[in-house]
Amino acid sequence: MSDNIYKPYLMAIEQIIEETPDVKTFRLKFKNADDAEQFSFKAGQFGEYSVFGEGESTFCVASSPTRKGYIECTFRKAGRVTNALANLEEGDTVGFRGPFGNTFPIEQWEGKNLLYIAGGIALPPMRCVIWNTIDLRDKYKDITIVYGARSVSDLVYKQELKEWDERPDIKLITTVDPGGQTPDWKGEIGFVPMVLEKAAPSSENTVAILCGPPVMIKFTMPVLKKLGFQDKDIYTTLENRMKCGFGKCGRCNVGKIFVCKDGPVFSYEQILTLPEEY
Amino acid sequence: MSDFEPKVVAFVCNWCTYAGADLTGTSRIKYASNVKIIRFPCTGRIDFMLLLKAFANGADGIIVSGCHPNDCHYTSGNFHAKRRWIMFKELMDFMGVDMNRITFSWVSAAEGAKWADVVNTTVTRIRELGPYLSYKELVNRSVEEEVKNE
Amino acid sequence: METTGKLIRKQSLEKLYNLLSANRKVYAPVIADDKQVEYKYNPDFKDVTFDHIRSTLSVKNVVFPKVENLFYYSNTKTESTITDIDINKIPEVVLWGAHPCDTAAFDILRSIFCWDIKDEFFAKRLEKMLVVGLSCHLSDEYCFCTSVDLAPNSQKGSDILLTRLQNGDYQAEILTEKGNGIVTSSPELFESISEEKVSMTEVKQKFNHEQVTAKLAGAFENPFWVANSLRCIGCGACAYVCPTCACFDIQDETKGKNGKRYRSWDSCGFGLFTLHTSGHNPRQVQSQRWRQRIMHKFSYMPERNESLGCVGCGRCSSGCPVDMNIAEQLEALQNI
Amino acid sequence: MNSLITRAKELLENKTVQVVIGYEAGPTGVVRPSFITDPAKADKLIYDERCMQNLAVYLTKAEVKYLGKMAIVAALPVMRSIMMLISEQQIFAESIVVLGISADRSLLDLADIKVMQGYIEKSDLGNPAKDKELLAELNKLSPEERFAYWQKELSKCIKCYACRQACPMCYCTRCTVEVNQPQWIPVQSNTHGNMEWHILRAMHLAGRCISCGECGRVCPVGIPCHLLTMQLSDQVYNYFKVHAGTSEKMSSVLSTYEPNDKESFII
């Protein structure tokens, strides 16, 4: 990469997966072999994806660093850039700048149980770390994934949910909001916090990784507390609007903390020290 | 200047002028081919910003045309457009934009001949005025401003 | 490098100016038709002003232009290619007659643009700039450089600092190798320093910035912010005239197949600055944005960038349409 | 102005309003808007020739509205802005108390909006004299000269949007310049884009501008951008014989029409 920190890598869209009517996953490959060679990232980091002519948008890398040769991103059609991305086809070119930000401390978690809790479009930022720990399955004890969405059609990564469900070494609980179920829905029906409370996973030697809309976080935290989780054992990610990705453009700060440099991964213990600006 | 071919953009409404222009064609009336027609549902939809964008992208002249008053497909779109054009024209005049380069007209679906006439007189007038250099310079100067520091 | 003091006669100043402008662009202050002081590239020496208190805009655009092209791209149906901008083509610029507050701002900007990873555009522009500073012999009620560890004759950021002497000649402090290069190339313009007294303004200290920073640490939820920002109308004037405000936006602009990505000035005072696509806005109302502005400069930056984000030039206050006087507010914050 | 202070105190004391929006002199002597919530502090209020800002801009501001019912010190331009805001249903007539100030700077007794309307109708509704002169000068120039003049002026624009933010009529939460699908106006500042922005601003204010001149006053780089909207105010009167902000029931010129609107340029 040149010295120009604003210049993205050119990536080709290798595969497009339609997750839901407005959510897509792209598998991206570096156009330049050298770039692919020297590129590396860790679970939790994010990048700036660009459509030339429309601008850049920030999402987490959704694939695991253990899967080499490509990166994946999942996004919902929402604004100018994501709409433009959604209109692209396989073989088209996009830009990628990154990786930026900090990572999930998965080394620290070795030997512990992992509890992943995600809601809606918040599974993608967690998918990276989920696969990363699954690919290093021996290092962790029980892995539990609780995932909920508004309706069955809003569940992303349906193929993978099926795969996780079938694996004996992963416990998967999926749920949809009441009214969002289909006749053949086999998972739970109810909001994530209630489903979590019912499942009552042990907090003993366990790290909880929580990601979802603010309202889900708000109601899930008391449940985790009730289950005996300590603030330092709960991790989440923050999202703020970003332009540069490296602490210069001045948008994403929460107090003195830059989400792009000091985040996006925070323990709940850290979050409690931050002013409410996210 | 003899080899100058004016670029004229026409913003027309679907129901009258566009149909009128169609009639010009089916009636085999010849008119200047310098005009590029952009069809809108109604003159009420023709935002003044579009006119500015036409100049910015190299148009030398503009035609705006729709249904005669009282003939609007949506009853009042052209009355609203008329007020907007009045204001726009006055503002452009005040800012020194050359209003001889914009033709406003009413052309009905039956006025194929009038459409040809509107286009031809506009193209002739723009041909006499020459390319809209001062606006092009304005756009170019802005590009230069940006690269000045590079 | 050790500072050396020299003397430039009033009449030699023009020679120095012409010498510098012979092979570089010179950016110097002039008084425009509407009586505002503005910086211009290569004005005639006779038009250059030496008696301005502050220019309307700061001089940060020499290193952080209001629009900086980042690269060009070209799109076909499926392919995109990127053309780099050759930053080595960035011209050499002499910044002439900038006051100490303005020149001190470059270090602060560097602490933003070059912390962690280096912004080459900024760094190159800084490298290609020679600064001939000018101490202030005039000031007004908006000035507060002395409250932020600066003074009307601070040397920070200048390669050569001129200070007017009472007889109209100038003292020239040669502060860097770059500045020394000018002396070596035309030694005839510089004489040994005389006994003549300097002509300098005095700026009263309005607050103690360390106390302000200490107070701000616990002031996030203070009702002060709402009470004191009700009148703020949320324009970007303060940020755009500020010599140290560095927040920017990145945008694409395409014409046909070709386009460019550029960055342009932005302001934390705008409501849409932090707006998420979802509609959620972490800084929803103006008081939160005003708090961000003050906190960033006087609390976050001292901690994260080890520099205060303010040079006390007073532009934000003099340029504010509703008299959001920053020095006054900091003074009040010191005592909350 | 003692009568103003007394009246403000009264309103706050008997809880008719929770805040009085007026003018005060800041520590540097510069006049600034003041938000008085405590009757004891009403003595700060002043009104003199320096009190130029159009305070009506605060009537639609969330944090000010949050304070409660408002009274507002209002000379003619502010009164007209209030009228416009009522006619565009941005504020309710009942929700504000107008402390009207006459041309000779005395407190008016405006019992309600009807009385205010009567006062406005009797007043001179043209552009301020100084701006009339500037407009006349510009209108004397050739189109080429005017084009050059505006290019020179607008090249200075830094897109700080003070003109928009200071205008009581620019109350949209998302302005057209901030719409990015499509991006009508370039985000960056360059002469051409700046010109497009000011054309857009003037057009959106056509028939709504009440000629207070606030946009020009607040411009940090001194662009007389108020002349654009004022020229249109003149033309609105010229063509349609209406002045903005004269009635609480008026709909804006560009959102209505008369079948017999006269013009001479449409062929």
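Letters are used for the chains, namely A, B, C and D, taken in the order the chains are written, and counting of residues starts over at 1 for each.
Keep this in mind: contacts are C-beta pairs under 8 Å (C-beta built on N, C-alpha and C of every residue); 3 or more make two chains touch, one makes a residue touch a chain.
This is a predicted model, so every value here is computed, not measured.
Taking each chain's centre as the mean of its C-alpha atoms, the one that lies farthest from the centre of subunit B is A.
Of the two chain pairs examined here, C-D and A-D, it is C-D that is joined by more C-beta pairs in contact.
In terms of their C-alpha centroids, the spacing between subunit B and subunit C amounts to 45 Å.
Work out the mean CA point of subunit B and of subunit D, and you get 33 Å between them.
Between subunit A and subunit D the centroid-to-centroid distance comes to 48 Å (mean Cα coordinates, whole Å).
In subunit B, the residues touching two or more other chains are 145-146.
The multi-chain contact residues of subunit D, meaning those touching 2 or more other chains, are 188, 190. The multi-chain contact residues of subunit A, meaning those touching 2 or more other chains, are 79.
The part of subunit A that touches subunit C in the complex is made up of residues 2-8, 10, 50, 52-56, 78-79, 82, 89, 91-95, 214, 239-241, 243-244, 246-256, 258, 261, 275, 277-278. On the side of subunit D, the complex with subunit B involves touching residues 138-139, 141, 143-151, 155, 184, 188, 190-193, 195-196, 199-200, 202-203, 206-207, 228, 231-232, 235-236, 239-240, 253-259, 261, 263, 265-267. For subunit C in complex with subunit A, the touching residues are 70-71, 73, 75, 77-82, 84-85, 87, 112-113, 115-121, 220-221, 246-252, 254, 259, 261, 263, 266, 268, 273-278, 280, 282-283, 288, 292, 295-296, 299-300, 303-304.
For subunit D in complex with subunit A, the touching residues are 180-181. Residues 34, 36, 56-57, 66-67, 141-142, 226, 229-231, 233-237, 239-241, 249, 251, 253, 262, 264-265, 267, 270-272, 285-287, 319, 321-323, 325, 328 of subunit C touch subunit D in their complex.
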